[in-house]
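What follows is subunit A paired twice: with subunit B in the first complex and subunit C in the second.
And now, the complex of A and B:
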């Protein structure tokens, strides 16, 4: 089979050349080895190693940003970026998350601040034999513009959208790759996340059927310190709070990531709080993604990206909680 | 977007993270470091919000001098000239010790070192102290006497290795969150035993095998009685005692007076609870004591600390993984500020000022003569002296005694009486309201340096943005003051040079350099450039040679509840705010979480006083009265109130008592008598 294959060096050259048209973001390794999506040159390229710990959708929905500027009696929205972004480093699960929040931010009320960055951005997934500790990363299929499937060393490049295809054309050269390599990776990839999905579906069913008692949520919330990390790392968590800050000549309105694990998240001005109990907040974190969203969107909105389980300091990310729940009540 | 690796400015856990800076030099976010030994890609809510206050419009941005009662903006030269001339004036009128220098556990090691050098080498006084006086001075003294070092004996990762963890006095999941989570994980995943001895039903108490809610201030009889049971039942570690310790007979005599029945009565618990704790602790292969302010902030704080050390030695739980006596440091650099000698009795590295050889060594290194050998004031006695009129001038760097010292009216009186007060800070505070000069300093995000975490790990603080407006890093301000006062020995090209000087005069920091701690910090003692640092203290030998049992007898707290003031009031911190609130109350989410001053009160007490949850009420002591919201919760025990001290509009320290431990001078923040009433 004739496909485009890039060595890491060639990939680097391609990304460097893409900078004329794009604001290129790639996984890099920072000062102490932490991998993040950064600019080329911010640190050594670090594509291999699996999902990036940071909330991947922070590229388009950052921790804190200005949403409005107010001066001389008028309002201004932030300007769109001069160049669209080309972002490398989404896993298949990350791309699923992105696809969902694209829909979310476009539903009824379109979030311009988000789409300023998101429109025309090119998403490049990474998959194959380059996960953490040599694990296989699920092959994306078609939920991105382009995909880099690692064979353990080099990257087989596949394009799914028109932009992706035209980018590939720019690179030109192609190589022969033994058909088995790709077939084998795809076959193995098909097996990934299946068990996880079964678990999430089973948990979702229990929640929809209201089979999980309060005492379960109490026992989980006893272990939650309200660090907010699960929300702040989750690519499908989209909540934010707003605040105003004066700058020399006017006022800027900012937004900052918020968390449903905080007591103040839903507290009313009266002091009444529909989510004023720890156990309710803990249930909400899981219930929202596995039950409420099923009712609203027709599907669960956790895509098994793994971040909340990695980042929760007490081991109660969504998968751990679902496991405990299904073991007890399933 | 630029990312800078630095250390969290909040608690002493010492997580490192990346600060995100946009193209306009504004901090716009935080990313955890997945590689950091403690953070491991995680943070608590304060860490996640640690960028927020830096660009707050309230920042002090230019030096201010009070002229005719009004603060006026001035240039740096004018402000610093005035500081130097006024400090000198006070000293020439009232003697060297009529000026007090207050350093800060928020600032870097380098800055603490320079503040102590300024006080001693330039202004020739040992009147240098900082807020460790208010939190762990009893630890430094109590553990020094028993073990030979005032620091946490073990490392944070030991929390995961213990078979039994005895938590008394810290609310770790709120005050050292990523240490608290290690305890939770060890308990829930490995089945480690957890004993919580705390009046409040803190989160860890919900997961504890035994939760003892004894009366505040009865730590000594409680701990003595545990030891009594251990000895009576032959559960002590005789080999450890005979090989590694001294003065055991003395301990036996004292604890013999605390049989469980007698102690139980003093402590307000059952004898069985004491026996259960003793057996569980003694049975564990690796048992660890974790303590904090609940132990230290008493007029018998030093005694409490000694009892903790006694218990660890009695059961052979010192010097190995998963054991030890572990006082958790509550501020980012309170460990470092002590290490740097921002204390009246020691130079950096706990080298005694009363030792003439030590003074000679520093005289040579600093190229000065006649370093003072007398110890006069601590932070707490300095306030008393100012109120009496014998202390004339104070230079406060990064502290807010009006909020953090006991008995606010007394502190106000003291500050008002001073001839000259200079406050160097990042935001205006109610302490700076009394200042004659205010010097704008930078936050942690605008400077380089190091903090030392609770596990003695010296870690880098790195500059992410330029100083805002005219603010300047504390170390540069201190160096300028030294130069203006005519001292040539405080000129440095960079903070790394300051660390090199610290290493050269401080044996425990001897091997620390910026090059070595570039990515991962080193744990002291680290005596030379090839030393890998020390994870666990007292491994084969105690720092003082043999561990010394130092028994203590029960002394009740100074102000006990009575008919008029029937409640016990205890104070401390909450999860979302930090100390006097200057930073967290200027951070959107943290402030939103807890916007009002509050008191924790038990459902029974609230019901008896017809106080509805969330309603306003008054708490009064013999010092004053404060209006707060009622946080009705079963965290509080009947008869006991708990108030955090973050709120200037509802200051807990207006109520606390200015009663001090006779040795450590630490105030009794944890016990005073109070009464309550409903607000109409």
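And now, the complex of A and C:
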């Protein structure tokens, strides 16, 4: 059995051709070296290098977006984009995050503003020997439409859904290499450590059993500067605020990311504030993903992407907090 | 083609989630110096279909949205009433509205008082401050289905005589056959005419004659009120599953998305705002 392989040049050609049917988004390198998800051509292709630092789900839940247009006494909802998106650059963890927030935004009330972008979008994961500092990125498997598994230089292409398979057909003739390389990468991927998950599970158990006292949260919150970086980087943070803004011909209603680490997050006009203490807010950030969501959704909603730990200026990202928690109370 | 993570069998919405429907203000009544009652009709002619205890998202372009409890029962007709305290930017704009003004509404949202399980029970309806606004939707429902319920008692507490909402209706409820109605105010300032009871609402509960075996107590009021009233009810033998509370949070979406009304794993806007006390008493920050 053989597998399809694309060189980066061939991949570029494939992505360029996909633009006729899709709004193609790929990891690109900005002038300062930052890797972000952008449009093809906005910067050099930067697929290699590991997870993108930005909140990857911002593709479908952007920092700010219009949810309603108001003019002449009437209301109008935003239309779906003319082309569906094809997004390259999700890691396995990122795809897991996306799968969760798909369910979240569809639960009970379907969030059409989110699904205007998400419906029909094609998710292309990146894995294999292209992580930061040469690390192996875990192979995603079938939690995406298509996967690019890097062998260190080129990309082995796998499709999991009908749309992914039809895209592969569009690629046409490509180099075909023996499957041994893929088998070796998958074997190494399977051996990637699960220490992080064990730690999260241990912390989750402590929280569900209510074994973490307020003193712990106080000690963590004393180190929080409420910069909100954790929430802004987290792919499964979905909270938003809503505000109106006047434009030239009417009023737009926007939603904007909000952070549970801010004092005003839950404050009511009356002054009542259920999260008026910083320790309550700090607890909420961790408890929500490791305990509240376990009760509600049946699983932890942190997928160990590492973004909050990477961006937190005071070292209290979720993994750091869990490590401290488990050491003290586990 | 739908990509992974999405099920094609998922329910599709009838209407965009954040799009309000238009309503016309058909009547405005001043309830207190800070509260007004607005009666609304839908311009599209559709029914509001709300249940006692639910809320709506009031939408005023330029001022945003705010969650407001429904203060009327559908048993009174095909309209909806909102008692609005002037306390924030949107409610300040609402207080400037006139009869004939148009506003947007989304909803109704949230859980309601379970009037089916309340049937044949004595009801103890305890509200404080503007908590009487959502409670009024239940009071009207009970009044209009009188034969379905046992002995019904209304306890209402306000800060001062000036803050008492629905003064005429409270008098009607006190003088009518449907309810026993008691009103108390915390303080009476000098020169104020008040011949009613003075003191905290807990005093009314303490003095209440409750048939513990067949009573359901409903509490709606300011956050500080719940714990104290619940202690008094439990002293009288009312069990946790006989106590219903309606909790106040600032819902920004009404649909379990924005995250502003979470109480541990619950979302006040879709799982509440009406909860049975035994279901939330262990949740940190619920009360």
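By definition in this document, the second predicted complex is superposed on the first by the 322 of 330 C-alpha atoms of A that agree within 3 Å, B and C clash if a C-alpha of one lies under 4 Å from a C-alpha of the other, contacts with A are read in each partner's own complex, and residues count from 1 in each chain.
Everything below uses one rule, namely that contacts are C-beta pairs under 8 Å (C-beta built on N, C-alpha and C of every residue); 3 or more make two chains touch, one makes a residue touch a chain.
The structure displayed is predicted, hence computed values, not measured ones.
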Mind checking subunit B and subunit C on superposed subunit A, clash or fit? fit
After superposition on the shared chain, which partner residues are touched by A:258: those of subunit B (first), subunit C (second), both, or neither? both
On subunit A, which partner's contacts cover more residues, subunit B's or subunit C's? C
Where does A:62 make contact in the superposed view: on subunit B (first), on subunit C (second), on both, or on neither? first
One more residue to check, A:280. First (subunit B), second (subunit C), both or neither? second
Quick check for you: in the superposed arrangement, does A:112 touch first (subunit B), second (subunit C), both or neither? second
Just checking: does A:53 make contact with subunit B only, subunit C only, both, or neither of them? Give me first, second, both or neither. first
Can you pull out the angle centred on subunit A between the C-alpha centres of subunit B and subunit C, to the nearest 10°? 80
Using the superposition on chain A described above, determine whether A:143 touches subunit B (first), subunit C (second), both, or neither. second
Determine, under the contact definition given at the top, whether A:227 touches first (subunit B), second (subunit C), both, or neither. first
Of the partners subunit B and subunit C, which touch A:42 in the superposed model: first, second, both, neither? first
Which of subunit B and subunit C A:31 touches, first, second, both or neither: first
Just the number, please: smallest Cα separation between subunit B and subunit C in the overlaid arrangement, in Å. 11
Which subunit A residues are contacted by subunit C in one complex and by subunit B in the other? 241, 243, 246, 258
Where on subunit C does subunit A make contact in their complex? 1-6, 10-13, 16-20, 22, 59, 61-66, 85, 87-88, 91, 102, 104, 222-223, 248-250, 252-253, 255-266, 270, 284-285
Touching residues on subunit A, where the partner in the complex is subunit C: 67-68, 70, 73-77, 95, 98-99, 102-113, 118-123, 142-145, 160-163, 238-244, 246, 250-251, 253, 255, 258, 260, 265-270, 272, 274-275, 280, 283-284, 287-288, 291-293, 295-296
Residues of subunit A touching subunit B in the complex: 30-36, 38-39, 42, 53-54, 58, 62-65, 222-223, 225-229, 232, 241, 243, 245-247, 256, 258-259, 262-264, 271, 310-315
Show me the residue ranges of subunit B that touch subunit A in the complex, using the header's touch definition. 1, 3, 5, 16, 18, 20, 28-36, 41-45, 48, 51-52, 55-57, 173-174, 177-178, 180-182, 184-185, 188-189, 203, 206-207, 519-520, 575, 588-589, 592-593, 614
